[in-house]
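Beneath this line is the structure, given in structure tokens, with notes to follow.
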Amino acid sequence: MPAILTRAIVMLLLTGYTAFAAGPFVWAAMMSLRTTTEISRNHFGLPFPPHWEKFGQAWFNSNYSVYFTNSAYVVVTAVLVLTIVGAMAAHCLSRYRFRGNRFIYFLIFSAIIFPPQITIIALFQTLVTYGLYNNLAGLTLVYIALQLPLTVYILESFFARIPSDLFDAARMDGYSEWAIFWKVSLPIALPALATTVILNTILLWNEFLYAVVLITDEAKRTLPLGIQRFMGDQLEDVGMIATGLMIAIIPIVLIYAFFSEKLIQGMTAGAVK
Amino acid sequence: MNRNTERPPWASIIVFLLPALVIYTALTAYPVVRTFWNSLHKVLPNRPDEFVGLANYATLLFTDDIFWRSVRNTLVWSVASPLFEVGMALLLALALYAKVPGARFFRIAWFTPVLMSYVVVGILWVWIYNYDWGAANASLRFLGLDSLTRAWLGNPQTALPALIFITSWMWTGFNMVVLLAALHSLPSEVIEAAELDNCGWSAKLWHVIIPLIKPTLLNLLVLSFIGKMKIFDLVWITTKGGPLWSTETVSTYLYKRAFEWSTFDLGYPSTIAAVWFVIIMSCVLGLTRLLRSRDRLEY
Amino acid sequence: MATLTLDRLSKRYTSAQEVAVTDVSFTVADGEFMVLLGPSGCGKSTTLRMVAGLESITSGTLLIDGARMNDRPAKDRDIAMVFQSYALYPHMTVYDNLAFGLRRRSMPGSEIARRVRDTATTLGLDPLLQRKPHALSGGQRQRVALGRAIVRDPKVFLFDEPLSNLDAALRVGMRGELSALHRRLSATMLYVTHDQVEAMTMGDRICIMQGGNVAQIGAPLDVYAAPANTFVATFLGSPAMNLLPATLGPNRDVLHIGTQALQLSGALADAAVRAPSNDVLFGIRPEDIHSGSGYATLRACVLDVEPLGAETIVRLAPEGTSAEMLMRVPRTFSGRPDEIATITIDLAASHLFDPASTRRI
């Protein structure tokens, strides 16, 4: 078969697959700009005219602003604390030799494959006991613990690759261990830190299981919960749900638009052998 | 950092490690232990835990049909999905590897499904699978294949495959990106040597390329397997385990028993969690041991 | 075995504007060992890969045994290549690495077995046949790469800097073995390297490349004795040839170096007459300068003395100039830094170069 023909067929298949992969989102995006009445007439029509005001409606009238802010509050706090705590632990585990170092690392690392089911019931019990149930602060704490193993794993391997000479030089210059962490390790590890921040933000923004178990108050729902409730309540208001979906994925799309390379590398790095 | 002769700076170590260890112990390690503890008790609200020994385990393993049904569903999912996701991804990666124009665009486009919350994905696909106006049946009708239209999520026979299809749709892009990176990291001179050794495209693929990316392929299969064993969000949004337990997974069953059904006993669901935990960890250990290549593919 | 002819071979990469290789032409006779020599980036590897079929040819013709190869895929050119990184198949045993190419060409099993065993014995690989590449040392891997080429019995052998990944001692040994192999097989070989010692010792002829162009082609000792330009002159030989800025007298019979003058005669005088201008570069190799008085002498200030045992390298600056030159003296040298020494130039072995074109006059 001539090379041009094979090329054309391959391109056709690839474009077809792209339509398959991106299709659902494009469809949802179109529906988010059409009213439910328009949609019922033709589910696959183009948004003419585009009803931008629906986004305003979703935000103000359907509690989306509440869900969005709750998610933002929880995710930003969790990621902030997570990054610092995780970096401290990773720095320590990668650079200091002491008995039990590998044991602790292994404990934390193995938690990456723990199924959430093994902790969810007991976490529920614990949070109830300490009055943190149905509480955004409680959820934030759980989120920190949830992503800690992955963060430590990614940062530890990065910190370990920093040449020791830098640390020796800093010590000779009189820096304390804490100063070394802040002034040597962290700045150099900025790329890896950025990766974990982006990764954790996306994973926690989308997190559903823990949220659905630990939050019941309408006013405290995070975005995934909000959307789900929407689905149940207003099953037929496809237009509004679509708009809500778009609001939910906008932060992700923004992050992806600016950091696609970093994000892809961060999420896939562990899998390439 | 500190050579073997120096004593480790314990004060610093504690300062650095303590916050993480406190969080880990309180919110990860302790809950695991507590769950196992729960599994040996009847845990009712406002009452002290009642020790029941292995009674929960006995009930679970010998009489709980729903549990076993959910195990079967989850295992089917965990075995079928990886095969689709990785197989399809390999084909796509090879297509891009052959320096197709627009490779960068394709890579970014195909990766997007992975970034979305399962909630969003779930809702989208509930719509796609809608019998009357969903894209799935609409396409079939468009192609004149009306007889193939189904109530995909409402039919016990098609519900699980429909869900498996969704996760494949999500994760194929991710696997493809990983495989593409693996392909690009292959030493070009070995491939050129194969060309000189009279290898056409398919021979190169079969004899050289695939054997060399085997570690990555296996890695992806294991990762996918683990992911499907844990799945909850997608099922909860789309079918909640129905119809008729056909999509009930261990995680949805556990959730129902712990938080929805009015039994209030947290001991039994903890047993489910404990058993499932042991099963997953054994599978992972077994798989990695089994699939670990004897040889180091050093190049 | 076969003849290999490159006729004005050029390579331009579509992405870059520059040309990687320009008009390379030479013929490697049947059974000849031709070395492509040059610094990194001179285009020698690109040329080799064009011959192999791993790079496309932008213009020019490639002939093997008279047949045009430009559009033939690499596998159909009946060539074998030894890569710099050996490029062994990591997941196959040594035996399979050797047999792979033959199996892909549907050779009968008995023939494959025979060839593999013969080659293995020749290269001393018999005890290693069941091992995988990661269990071999660098030298062993190199032999397997060599064996993979030999077992194919190709028309032309191509080598892409095969010795550069070996340590120095191993390299010396392998040089001898490769030469012996060449003699035994009487094979046509094209060998790329940046190491001039390999080129001088192994090549029947060498082709020196610079910036994508051929600088000079010839037998090693011929090129050494009569370099075509300053680049070749300083590339071959270690320590490199001295190039001193000098001026010719009005009658072109005297050469002024610094404040001193040398009377010219013989071939050098003829060259002086041909010079395009009075400014020239005077080239003389360190081993052609002797300590003491003689026919053509210079006075020079000793800057540095480096005794190496078997010889001594002396760095000097001729009186009246700050240009430095190196002199090789057998055994020891009696002079000391900051002393003035008298040195004798062997005019018959000197050259004049035109500074503008860098060509030898």
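Letters A, B and C mark the chains as written, and numbering starts fresh at 1 in each.
The rule is simple: a contact is a pair of C-beta atoms (placed from the backbone, for glycine too) under 8 Å apart; a residue touches a chain by one contact, two chains touch by 3 or more.
Predicted model only: the values in this text are computed from it and were never measured.
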| item | value |
| --- | --- |
| Arrangement of touching chains [line / ring / star / complete / other] | line |
| Best-connected chain pair, where connection means C-beta pairs in contact | A-B |
| Computed distance of Cα centres, chain C from chain A, in Å | 58 |
| Chain centre separation in whole Å, for chain B relative to chain A (CA means) | 17 |
| Chain A partner contacts - residues on chain B that touch it in the complex | 1-2, 4, 8-10, 12-13, 15-17, 19-21, 23-24, 26-32, 34-35, 38, 43, 92, 95-96, 98, 100-102, 106-121, 123-128, 133, 135, 138, 169, 172-174, 177-178, 181-182, 185, 215-216, 218-220, 223, 226, 229-230, 232-233, 236-237, 250-251, 254-255, 258-259, 266, 269-270, 272-274, 276-277, 280-281, 284 |
| Touch list for chain A against partner chain B, complex | 7, 10-11, 13-14, 17-18, 20-25, 27-28, 43-44, 85-86, 88-89, 91-93, 95-98, 104, 107-108, 111, 113-126, 141-142, 144-145, 148-149, 152, 164, 167-168, 177-178, 181, 202, 205-209, 212-213, 223-224, 227-228, 231, 238, 241, 245, 248-249, 252, 256, 260, 263-264, 267-268, 271-273 |
| Residues of chain B touching chain C in the complex | 187, 189-190, 192-199, 203, 207-208, 211-212, 214, 295-299 |
| Of chain C, residues touching chain B in the complex | 52-54, 73-75, 79-81, 83-85, 87-91, 100-101, 104-105, 132-134, 148 |
